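One structure is given below, represented as structure tokens, and several questions about it will come after.
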Amino acid sequence: MKLSARNVLPGTVVAVTKGTTTAHIKIELAPGLTMFSSITNEAVDDLDIRVGDTVSAVIKSSDVMVGK
Amino acid sequence: MKLSARNVLPGTVVAVTKGTTTAHIKIELAPGLTMFSSITNEAVDDLDIRVGDTVSAVIKSSDVMVGK
Amino acid sequence: MKLSARNVLPGTVVAVTKGTTTAHIKIELAPGLTMFSSITNEAVDDLDIRVGDTVSAVIKSSDVMVGK
Amino acid sequence: MKLSARNVLPGTVVAVTKGTTTAHIKIELAPGLTMFSSITNEAVDDLDIRVGDTVSAVIKSSDVMVGK
Amino acid sequence: MKLSARNVLPGTVVAVTKGTTTAHIKIELAPGLTMFSSITNEAVDDLDIRVGDTVSAVIKSSDVMVGK
Amino acid sequence: MKLSARNVLPGTVVAVTKGTTTAHIKIELAPGLTMFSSITNEAVDDLDIRVGDTVSAVIKSSDVMVGK
């Protein structure tokens, strides 16, 4: 399945922190460039996301702001 | 002002396309790694966003999905 | 690629309306149950989305509100 | 109050899971078609959301991606 | 219908600008405090939103960042 | 850094509630007008957000719905 989301950035999982319902995932896109994601614990379990996994950070364009 | 958004990624504007109300901005974060942003024309005018500008792509963690 | 987004709902495209930069897609999930999506024109072109296509509406759980 | 959100889909609550601050709600829209929502515990308490309730899943069009 | 969205802020419409598919609405919440909203043209037509209308700006808590 | 987000509303923090991974912040924008924000615990720690702080609620226009 191809996505309408314009941002599908490959990287490596460097941290997985599960809370009671919400988990935080840290993805290294490039050396020194990390992306922080907040998803459900269910998604972490379903995709079996672990440190070292090759994944993609997926972001809809309308969720990207610009700072200058 | 420092932001709660965990993702503030520096880059260079490589394209600005204005529609009637909504504009699309392409930001190069690293060679071969671009971020696509959809913002209001007002924001483009207010920040005077132009190709070549040094900017940051700002994304709230809860807007980042993971694909595996 | 499997997604962390908990909502991936299959359906059929019943309308595609392109604006200057933003397009609107109407997806029928079930008889009488349609989903409205607002995405970039680039995504419509890239995925070649047309009326009659079998697609999925993809929604992150944190973007779903509840009304009662 | 009528909403600008184009997606207001009626359904039945089939699961409520409260975390420390964030709750997950599962809404059945049609047989075999469920919607997963992540909202605050405060909202669950305020609306008194319980399994069996008739509710609506409310989603802004700009939060709906398309996969093909 | 009561909403899980924790932010339902009453105000007055002070500007409506329609693009080809996306419209911008400016809502005055209090003197000197305005809220900018980007919604579909369909929503503007459906709710018949006009300057002077009493409306509410509705925002999900997970879409509110904090700057300090 | 100036933001493309059209809504940067100044206020005072009146409550901070940390969960296991997600925190809730209540910001008073004006007497009787409060904004509820859901952010990561990491952001609360990083910005050292405390009751009484002068902060801004930051919201992208595309995340603001209208109710009428």
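Residue numbering begins at 1 within each chain, and the chains themselves are lettered A, B, C, D, E and F in the order written.
Keep in mind that, in the parts below, contacts are C-beta pairs under 8 Å (C-beta built on N, C-alpha and C of every residue); 3 or more make two chains touch, one makes a residue touch a chain.
Nothing here was measured: the structure is a model prediction, and the numbers come from that model.
Shared contact partners of chain C and chain E are B, D. Minimum number of contact steps separating chain C from chain F: 2. In this structure chain C contacts its sequence twin chain D using mostly the same residue numbers, the overlap exceeding half. Averaging Cα coordinates per chain places chain B and chain E 23 Å apart. Separating the CA-averaged centres of chain A and chain B is a span of 17 Å.
Distance between chain B and chain F, defined via averaged C-alpha coordinates, is recorded as 21 Å.
Averaged C-alpha coordinates put the centre of chain B at 30 Å from the centre of chain D. Looking at chain C, one finds that residues 1-6, 19-20, 22, 24, 36-40, 42-43, 47, 49, 56, 58, 60-63, 65-68 touch two or more other chains. An unclassified topology is adopted by the chain contact network, corresponding to no line, ring, star or complete arrangement.
Contact between chains, using the touch rule, shows up for A-B, A-C, A-D, A-F, B-C, B-E, B-F, C-D, C-E, D-E, D-F, E-F. Here chain E touches chain C in the complex through residues 1-5, 19-22, 40, 42, 60, 62, going by the rule given at the top. Of all residues in chain F, those touching chain E in their complex are 5-9, 24-25, 27, 29-30, 33, 35-39, 43, 47-49, 53-68.
The part of chain B that touches chain C in the complex is made up of residues 17-20, 22-24, 36, 38, 62-63, 65-68.
Contact residues on chain F toward chain B in their complex (touch as defined above): 1-6, 37-40, 42-44, 46-47, 49, 56, 58, 60-62.
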